[in-house]
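The first chain written gets the first letter, and so on, giving A, B, C and D; residue counts start at 1 in each chain.
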Amino acid sequence: MLTIGVDIGGTKVAAGVVDHDGQILDKVKYPTPSHDPDGLAEVVGRAVRELRERRPEREVGAVGVGVAGFVDEDRATVQVAVNLGLLDEPLKERVRRHVDLPVVVENDANAAAWAEARFGAGRGSDHIVCVTLGTGIGGGLVLGGALHRGRHGVAAEVGHYRMVPHGRRCACGNHGCWEQYASGRALVAEGQDLARTDPERGERMLKLADGLVERIEGEVITRAAMEGDPAALECFRIVGDWAGLGLADLAAILDPECFVLGGGVSDAGDILLDPVRASFARHVSGRPGRRLAEVRVAELGGEAGIVGAGDLARH
Amino acid sequence: MLTIGVDIGGTKVAAGVVDHDGQILDKVKYPTPSHDPDGLAEVVGRAVRELRERRPEREVGAVGVGVAGFVDEDRATVQVAVNLGLLDEPLKERVRRHVDLPVVVENDANAAAWAEARFGAGRGSDHIVCVTLGTGIGGGLVLGGALHRGRHGVAAEVGHYRMVPHGRRCACGNHGCWEQYASGRALVAEGQDLARTDPERGERMLKLADGLVERIEGEVITRAAMEGDPAALECFRIVGDWAGLGLADLAAILDPECFVLGGGVSDAGDILLDPVRASFARHVSGRPGRRLAEVRVAELGGEAGIVGAGDLARH
Amino acid sequence: MLTIGVDIGGTKVAAGVVDHDGQILDKVKYPTPSHDPDGLAEVVGRAVRELRERRPEREVGAVGVGVAGFVDEDRATVQVAVNLGLLDEPLKERVRRHVDLPVVVENDANAAAWAEARFGAGRGSDHIVCVTLGTGIGGGLVLGGALHRGRHGVAAEVGHYRMVPHGRRCACGNHGCWEQYASGRALVAEGQDLARTDPERGERMLKLADGLVERIEGEVITRAAMEGDPAALECFRIVGDWAGLGLADLAAILDPECFVLGGGVSDAGDILLDPVRASFARHVSGRPGRRLAEVRVAELGGEAGIVGAGDLARH
Amino acid sequence: MLTIGVDIGGTKVAAGVVDHDGQILDKVKYPTPSHDPDGLAEVVGRAVRELRERRPEREVGAVGVGVAGFVDEDRATVQVAVNLGLLDEPLKERVRRHVDLPVVVENDANAAAWAEARFGAGRGSDHIVCVTLGTGIGGGLVLGGALHRGRHGVAAEVGHYRMVPHGRRCACGNHGCWEQYASGRALVAEGQDLARTDPERGERMLKLADGLVERIEGEVITRAAMEGDPAALECFRIVGDWAGLGLADLAAILDPECFVLGGGVSDAGDILLDPVRASFARHVSGRPGRRLAEVRVAELGGEAGIVGAGDLARH
């Protein structure tokens, strides 16, 4: 049996036919209708139909839909998906009107984590913590070989565990959330702060940003760091320190076999990983003697959402 | 089938016959031989033999041994148990020389958490986080209805996730561990600090401690708090605030259905629970709208270790 | 001899004739010309002329100008005054073109502190720390009976000493500055956060703000607190705690005889002072035994700037 | 006129004849009588007598006594000197029984700061902050050319301003005091923690300490750092970071012209100063544009106490 995985993002709906080995056999893409649940379900239906028409009958047996939002533990309802404008949305039911196959709805980070655990950087391990260092920080937990969704479907919101009491304000209403220290946004804040308060040291980043502090984005810092610019490398070191500190906390709580880091910040590879691993090793409890979890970079990139949603529909 | 649960503590080895409902049908106790693995295994063997002799043949089918230390994921070897003087100790094998039944070895906090999840304050829930506020902080995770031991058997060391960067020094070698803020030791530190720097406000606690700051122990603070002493209540409020902050972090990561608080500090009941719940509600991410996990007090007390070890031997 | 004190604020230039006892005998006001140093000097000149014309000749002997910005140690040049659009501005020289009297330029917070020290809440003391809890936090130090300006005229920037490492981002480019925790802005942030994450508890504040979180301003919180609203009182308690913590640090460094709190937040009187004093007493080092500095509210209100600038011109 | 400066330390009483240029012309030393105020005054008297006998009559005009303790603002009474066992001790009066010259009593750190300001690393500056990085952190403030003692004689206790809320416990009863992060004791804690949790990286320090973690003292870390050992250098970097952070806070409050660092930790010279200066520059508010205070090492070493006490007796 094949399945179809659908990844509903803020700008596009990507769907693919996924086989037992996590391979995507065929793929389609549509723009995401915003704030329009009916339109959204229709687009999902169209994508599924299109993909099925190109394959032998009955080959596709189920549909998994990954969505950037809180999904209830029944894998049917989207509690809230801010970017898509969904609130208490019975997405499964609505999609079922357009698709006569079993449908499950999943949180997109969970879907991606599942894909990495089964077919990507985490394959072979039963206990995996995926951490997505994007604009914010997302996460997914595969524990004992199963996806851990939590009681209400909102587990693995690792970006919002508190790193610093009374720390930086977070959009979630709390202060000191991890994502204020170790995300792409945090990297950019470090780069811009450095350039603003010490333009001399920030010269290379400023130059790559046309001289404008506010144009120092993640790509600029990554590029400067790859050229060896000490200021940009320091930004990665600071963010990597915080990231490693967070992994140490997660290791104390979950004792995983490996961490899989994804998201845009992880594109910097060892420039990020080196400080992350050093910080993790220095801060994890039980040293010396503790067997350290490995820290790896995600392998499936942007397709992890499709693969994971498809594979979860199979189980 | 019945099982025998053994709880190896620092001073005594307690063993009991446990039935399907988590009831202890019979019980024996021996002093713990310290730094003597052979003697320890012998005592466990004697306790098991004694309990079996009093029951019909073949009624007891397995033995579970809970021990205060890191236990390997194979449930056989104790990596380290500081208080018992064990290091890389093949405890299962050694016990098997005295007991001709299947034996499993478990971490004692895991065993107790399992008991609370199955038969105590957490029964009926699949996702439970147990937090033991004793001298330090221990923990146990029941996720998806199963005990989560982690890859190397050392999961749920929640007392050593970092609460405060650059915070109070911990015996584990790190700084700012949760147990430096929300454990019994933390409560005592608050009480003693208060009495030392403000003897007037700490008068009641001091009186109960024969006027000596260093005799302000947990019992003294609890008793003063129960009498309504504002200073003692403030100590609980501070410790409860930190405890609730930690639960908020664990909720962000694990999304449990309920938290079960055990250990000596929880003997204070609502005096502790009120500030814990208030702090948890104020700090958990996703407010408003989030369905809050319940915070309960453990029900099985000191017998949880026997019950859990026995029940885990059954599975 | 009388002097004239001029207080250049963001919206108005207020000037007054000040006598030996810090009394204002006459007063005028003009709108502040923005980003126009020439115009500004002219307005100052006009105000001085007007006030002098109404008095006997030669009665006024000097002019002191207080300005919201960094003033060089020569009391002549404004290094930077963001709100007025001044940068490396030779303000004394420019004013002298319009005024044939000795002129000194002072930082406005220093001028106000001097006034409080000489004629207000701090009179009689030689060692006074003034802390202005306005939108941000400003300060002024009177040490050994003299205004302490520092080597470069920028002492007493107490709002920008670091309260929390890795704390809340500050407009100054640093993180964790005191003014992010204990200013009017901090009070508003507490009130809005509370109302957003717990609308039920924040009900009274919300009602006073027409139901809109973003309209919960300082006045709203103060009014609700004065009515006894527990949520508003908690906001003051949190901000007061941080304020007291800062005073404890300043006491460790400076050992003043008293603190004088001014600015809009101090309008709440004891609602603010009670938690400030409690926090200060709890956190100051050297307890028990230390003689505690007093914490008082400023007495001269908005006129402190004129009085202080005038009096400083005399010395 | 010459004066005599006396430096009462925990183990020895050192006294010297001091001239107008801060030169010590003659010197004597005695063991310190412990917990014996009468004996202590007698020893001071003997030292003064001995030094005077070797000089022409009437050449010596006053005596300054520096003592490691809190000294009242009247420069006569020692409030508390823990190591000497003094409490509310009228030291001036008692010394006067043995010495028929004017006597002033000063805090020893204040005396040393005064010496550095007048004749040492701070000469030529009117605004100096001296920070002694010894076992703990002491300090002295010279502001506007005068020693700032504070209202009760206990100013400049900079080691006990709070660096980290809820941070490391301090002997003073508070948490997070600066001296828990940037003192000699903090350096040793870093070295020992590193060697304990990562013996491989700590190898060099361990070797210099005969393989025993608890023998890793300041000298060991300094020696290893001077050899270029990366682990020891990291210890200095961490402590230097915190030291620089503290200087940034002191600069925000006091705006000094220079900082003078003394105490055992400063013996490491640039190994300490480089990270201190970098951290100070990165964290001070008002960057870019702010004129940075210089950070210098003390020049007078152990004799600063005698010189300062002597010179303060002159004024």
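Here, a contact is a pair of C-beta atoms (placed from the backbone, for glycine too) under 8 Å apart; a residue touches a chain by one contact, two chains touch by 3 or more.
The structure displayed is predicted, hence computed values, not measured ones.
**Q** Of the chain pairs B-D and A-D, which one is connected by the greater count of C-beta contacts?
**A** Looking at B-D and A-D side by side, B-D shows more C-beta contacts.
**Q** Quick one: which chain's Cα centre is the longest way from subunit B's?
**A** C
**Q** Suppose you list every residue number at the subunit C-subunit D interface; are over half of them used by both chains (same) or under half (different)?
**A** Since more than half of the residue numbers are used by both chains, the interface counts as same.
**Q** Calculate how many whole Å lie between the centre of subunit C and the centre of subunit D, each centre taken as the average of the chain's C-alpha atoms.
**A** 34
**Q** Using Cα averages as centroids, what's the distance between subunit B and subunit D in whole Å?
**A** 47
**Q** Using mean CA coordinates as chain centres, what's the gap between subunit A and subunit D in Å?
**A** That pair's centroid distance is 52 Å.
**Q** Name the residues of subunit C that each touch 2 or more other chains.
**A** Residues 164-166, 173, 196-197, 287.
**Q** Given the complex with subunit B, which residues does subunit D contribute to the contact?
**A** 164-169, 173, 175, 181, 189, 193, 196-197
**Q** For the complex, which residues does subunit B have touching subunit C?
**A** Residue positions touching the partner: 165-166, 196-199, 281-282, 287-288.
**Q** Inside the complex, what are the residues of subunit C that reach subunit D?
**A** Against subunit D, the touching part of subunit C is residues 70, 79-80, 125-127, 139, 141, 143-144, 146, 148-158, 160-165, 172-174, 177, 245, 248-250, 252-257, 283, 285-287, 289-291, 293.
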